[in-house]
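These notes open a run of structures that come right after.
You will see two complexes here that share subunit A, one where it goes with subunit B and one where it goes with subunit C.
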Partner chain A sequence: MKEMIRLSSIKKNYGDVKIIKDLNFTVYEGEFLTMLGPSGCGKTTTLRMIAGFEEPTSGEIMLNEKPVSNLPPYKRKINTVFQNYALFPHLTVAQNVGFGLKMAGVPKVKRGPQVEKMLKLVQLEGYGNRKLDQLSGGQKQRIAIARALINHPQVLLLDEPLSALDLKLRKQMQLELKRLQRKLGITFVYVTHDQEEALMMSDRIAVMNKGHLEQIADPRTLYEQPKTCFVANFIGESNIFYGKVSEITKTDTKVTIENGYLTLQSDKPVFEKQIVNIVIRPEKVKFSTTEVPGFHIPATVAEHYYAGNVNKSVLRLPNGMALKMTSAGDQKLPEIGKSGFVYWELADAILIKTTSDDVFKAVDNPDFSMVNQMGGD
Partner chain B sequence: MEKSIDSENVPITKTKSHYFSKTLIKWGQILPISIWMLLLVVIPLMYVLIMSFMSRDFYGGIVYKFTLSNFAQVFAGQNLKIYAQSIGIGAVSTVVCLLIAYPFAMFIAQKGPVAKTILMALVVVPSVSNSLVRLFSWITLLRKTGVVNTTLEHLGIIHHPLSMVYNTGGIVLGMVYLLLMFMIIPIFNSLDRIDHNLIEAAEDLGATKWQILKEIVIPLSKPGIFAGCIMVFIPSLGYFFVSDVMGGGTSTMMGNLIENQFQTSRNWPLGSAISVMLIVLTLVLLVLFQRRGGDMADLGGR
Partner chain C sequence: MTRSKHVDFWKNSLIGLVFVFLYLPILVIIVFSFNTSKLNILFKGFTFKWYALVFHNVQIMSALENTLIVGIISTALATIIGTLGAIGMQKYNFPGKAILDKVLYIPIVIPEVVLGIALLSIYSLAGIPLSLFSLILAHVTFCIPFVVLTVRSRLVGIDQTLEEAALDLGATPLKAFIQVLLPLLIPGIISGAGFSFALSIDDVIISFFTTGPASTTFPLQVYAMVKTGITPEINAISTLMMLVIVVGIAANAIFQVSKLKRSKRK
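Take a look at the complex of A and B:
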């Protein structure tokens, strides 16, 4: 695949504050890449550096294998869709869409048909003469996209473009954006803090946290093989255990956790006394009132929440930890207070090798301790 | 049960006294300003309006008899010349103010929040001292024997003193000096309100600095420009003392004409009629401003 954008060793400081710490990744031609992370993780700053509104403190941004870090925005074949649309309030729809052409010196007669073509692309044909205050939020968003596309950019940058829309419209626009991207084959770099949006739309997701890249991969890999506890916790729901490898035998590996131990498949590349995190997704957790063969931990049913298509349950382990479990919505649930056993396929347990600055304990995570509290005694 | 009896009785008295105290506070808040406005704005304006339709005897005494002749005199030949002159000086002053204020307001609008507050305060600060005193200090500087001329002559740069005041240019200087702030404030407000994202969006779409100014910044600051022009042009027609001090009585402006009717000519009805015309002109400009989508708050300052 052809390389479109490459960030190498990008650093960005505002005074003494390090916003971006050594960022490296590549965006390929025609790809839908999403930068995902909590607010303040540096994703918007990164996007603004690609657009040319900010200069990196150090490092180089390559567009089509040519350095562009010091070029102003208008000298890059990149256009941006802004978070709050940033449409020109004193201009009509057509004047907004045709702005890029006008700046490039395209005469008025030639602009008209191109503007109409763009409006057709975003399904707003015939809206050219309208004023902006006659448009809904979703329509404004489409105008912003049409305006950004009219100069045929090689890359379209989108900074949380759907965050101002209500849920239903947002879902609809997600599909529409994805369809548009496939149709045009333009590289999209998308910024969002909404993990569901990222999973649905992206070819690849770059998960960012505190100014560095946690993991870049396709959505399925991110969900099934998170490399860090941050990724496991940010994308989807997780149960994260913290423990120490205590015994490696031919058949399995035992990890001691607080007041107990977990079993891992024997092929996991760990060594004895290694500190590890083990992630198990709630939908992989199973509960049985009778003892099951193989790996299991005793547990008590603490809470049930009905969420339509799924049931969300909280199970309490002997060490006091709350374990999240989701099951199909139509499934019959064990009574609250009932004792039994939790178990899962050993293959479903995800091993995360812990480094000193990425140790995950339940107390680190407010969500998690909240579940603990919800469990009650 | 006890609780419900309580809650039935207490709130009624509470609501009543609450209502009275609320009404009292409301009247207490608006009464002083109402009396003030009535005594100092409404009554004098009504008096001027009525006066403009009254007749006058030979010695300048007012005869309470309805007539339209004052308004006919308003448009008499020699007066039209004065209006043209006033409007000319007003227009030049407005344009000069705009040319100075716009770049300056843009300069302030690009500063950080602290610098903005300080600079805007500095714009307003001179207005706390008396404007006549400030005009006379210009005279001290610029008259033939003033500081500037003497210095230049001593330095041998000029041999004859320059006439910088006591002429039309002096009037324009005075007007611009006193009214500049009323141009800066609304323009700054409208520039400050422009969303920075719009500038970035224009830049992103290939606009150069000049194109951003022409296509985005100036069109979006039009309400401020228009408000500033009104705020400068209208007072410039009425500031008779500027022409008195800086013009040395060489040219008569609308304000001087009105002043003369009340003082020298003792023709109060005619003075009133010209004043009414000036008020009507102001109202027309304000209506135009609002029709063009201007914000009245821009004219009142903040």
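Take a look at the complex of A and C:
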């Protein structure tokens, strides 16, 4: 695969504040890459550096294997779809879409057909003579996309382009954007804080947190094999245990947690006394009122929430920790207050090796403490 | 019914009084500009001769010419400098910006006499002779803050990402300015220029200090003529000026109404 964008050791400071701390990743040609992270994680700043609106404090940005860090935005073959659309209010729809061509010196007679072609691409044929205040939010979004695509950029940057739209329209536009990207084969770099949107649309997702890259991988790998607790928690829901490897035998590995222990498959690359986090997805958790063979821990049913296609349950472990469980919506649920055992396939336990500054404790997690309060015991 | 009629009567009388208070003096001037007698006491007969005299009065005509020259040139200069200043102050951070921000508006609030004297002493210190040039310089000085004020208030309402969008689409900074920022700023620039022109053409006090004997402006000329009593000539000039203003306002109103109708039809 051909490299389209490469960020090497990118750092960005605003005064003393370090916004981006040593960022490295590559975007390949024709790829749909999403930068995902909470607000303030530096994803928009990174996008603005790729566009050329900000200069990195140090490091190099390569576009098509050529350094561009010192090139102004108008000399990069990159176009942007802005969060608030940034359409020119004094121009008509056609003039907005044709702006890039005009700047490139394309004569007026040649611009018309190309503008119409772009409007057709975003399904707004015949809207050329309209003024912007006659358009809906979704239509403005399409115009912004058409305007950014008319100069055939090598890369299209999209900065939370759908965040101003209502839910239904947003879902529809997600599919349309993905379709458009497949059709045109242009490299898309997309910024969002919506994990579901990222999972649905992207070829790969770069999860960012506090100015650094947590993990970059395809959506499935990210969900099934998160490398950090942040990723496990940010992408989908997670139960995260914190413990110490206590015993390694031929058949399995025991991890001591507060008030008990968990079992891991023996092939996990850990050593004794290592501090680890273990992640179990709620849909992998099972509950039985009778004792099951193999690994299990006692638990009590604390809460049920009906969410249509799924049931969300909270189970309480002897140490007081709340465990999230998701089951199919049509499944019969055990009564609240009932005691039994939770278990899961050992293969479903995700091991996350923890460095001393990345220890994840359930009590630090607002998600968990909220559940704990709801459990109320 | 009687009660509401009663109220209506007082209401209408009050409105009528306000109009009389506002427009009677103006009406008197218009009426006496057509008076054959030189005295503004009795209307003796109808004549256009004062109007003819005005147009043949070399002093008045040259003063009018000076006023227009000063007004147009100082408006143009103040508008350009003020607009660029407003943009610069909005976009860039530089040492002393906060101070400049406050100091800039001093010419607006300072008594004109003080500004006039200050300019006069600067001119004599720098050896600049009092002429049309010094007059234009003075007018530019007090017009700039008004332009900065109006342009900045317009700038605040313009989305900063629009310029980035233009750069992103291949516009150089200059093209982005001409194609995007300038068209959006036009209403602010026009009102700033309008302010400047209005201030310049009827300024008396600062002009009094900063102009030379050969470059008297129209308001100063009228002021000088009034010292020896109000002549029908002055009435005629005033009536003409009012005519120009009324025509201007009417034209603007017609333009606005037709624009409104056009946008409604769409």
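Rule of thumb we're sticking to: the second predicted complex is superposed on the first by the 377 of 377 C-alpha atoms of A that agree within 3 Å, B and C clash if a C-alpha of one lies under 4 Å from a C-alpha of the other, contacts with A are read in each partner's own complex, and residues count from 1 in each chain.
The criterion applied here is as follows: contacts are C-beta pairs under 8 Å (C-beta built on N, C-alpha and C of every residue); 3 or more make two chains touch, one makes a residue touch a chain.
This structure is a prediction, so every number in the text was calculated from the model and none was measured.
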### Query
Overlaying the two complexes on subunit A, which is it for subunit B and subunit C: clash or fit?
clash
### Task
Using the superposition on chain A described above, determine whether A:89 touches subunit B (first), subunit C (second), both, or neither.
both
### Message
Which partner chains sit in contact with A:129 here, subunit B, subunit C, both or neither? Use first/second/both/neither.
### Response
neither
### Query
Given the touch rule stated above, what does A:70 touch, subunit B (first), subunit C (second), both, or neither?
neither
### Message
Between subunit B and subunit C, whom does A:53 touch in the aligned arrangement: first, second, both, or neither?
### Response
both
### Shared subunit A surface residues [contacts with subunit B and with subunit C]
51-53, 72-74, 79-80, 82, 84, 86-90, 99-100, 102-104, 147-148, 151
### Query
Okay, in this complex, where on subunit A does subunit B touch?
51-53, 72-74, 79-80, 82-84, 86-90, 99-100, 102-104, 147-148, 151
### Residues on subunit B engaged by subunit A in the complex (per definition of touch)
195, 197-198, 200-208, 211, 215-216, 219-220
### Query
Inside the complex, what are the residues of subunit A that reach subunit C?
51-53, 72-74, 78-80, 82, 84, 86-90, 99-100, 102-104, 147-148, 151
#### Entry: subunit A-facing residues of subunit C, complex
159, 161-162, 164-173, 175, 179-180, 183-184
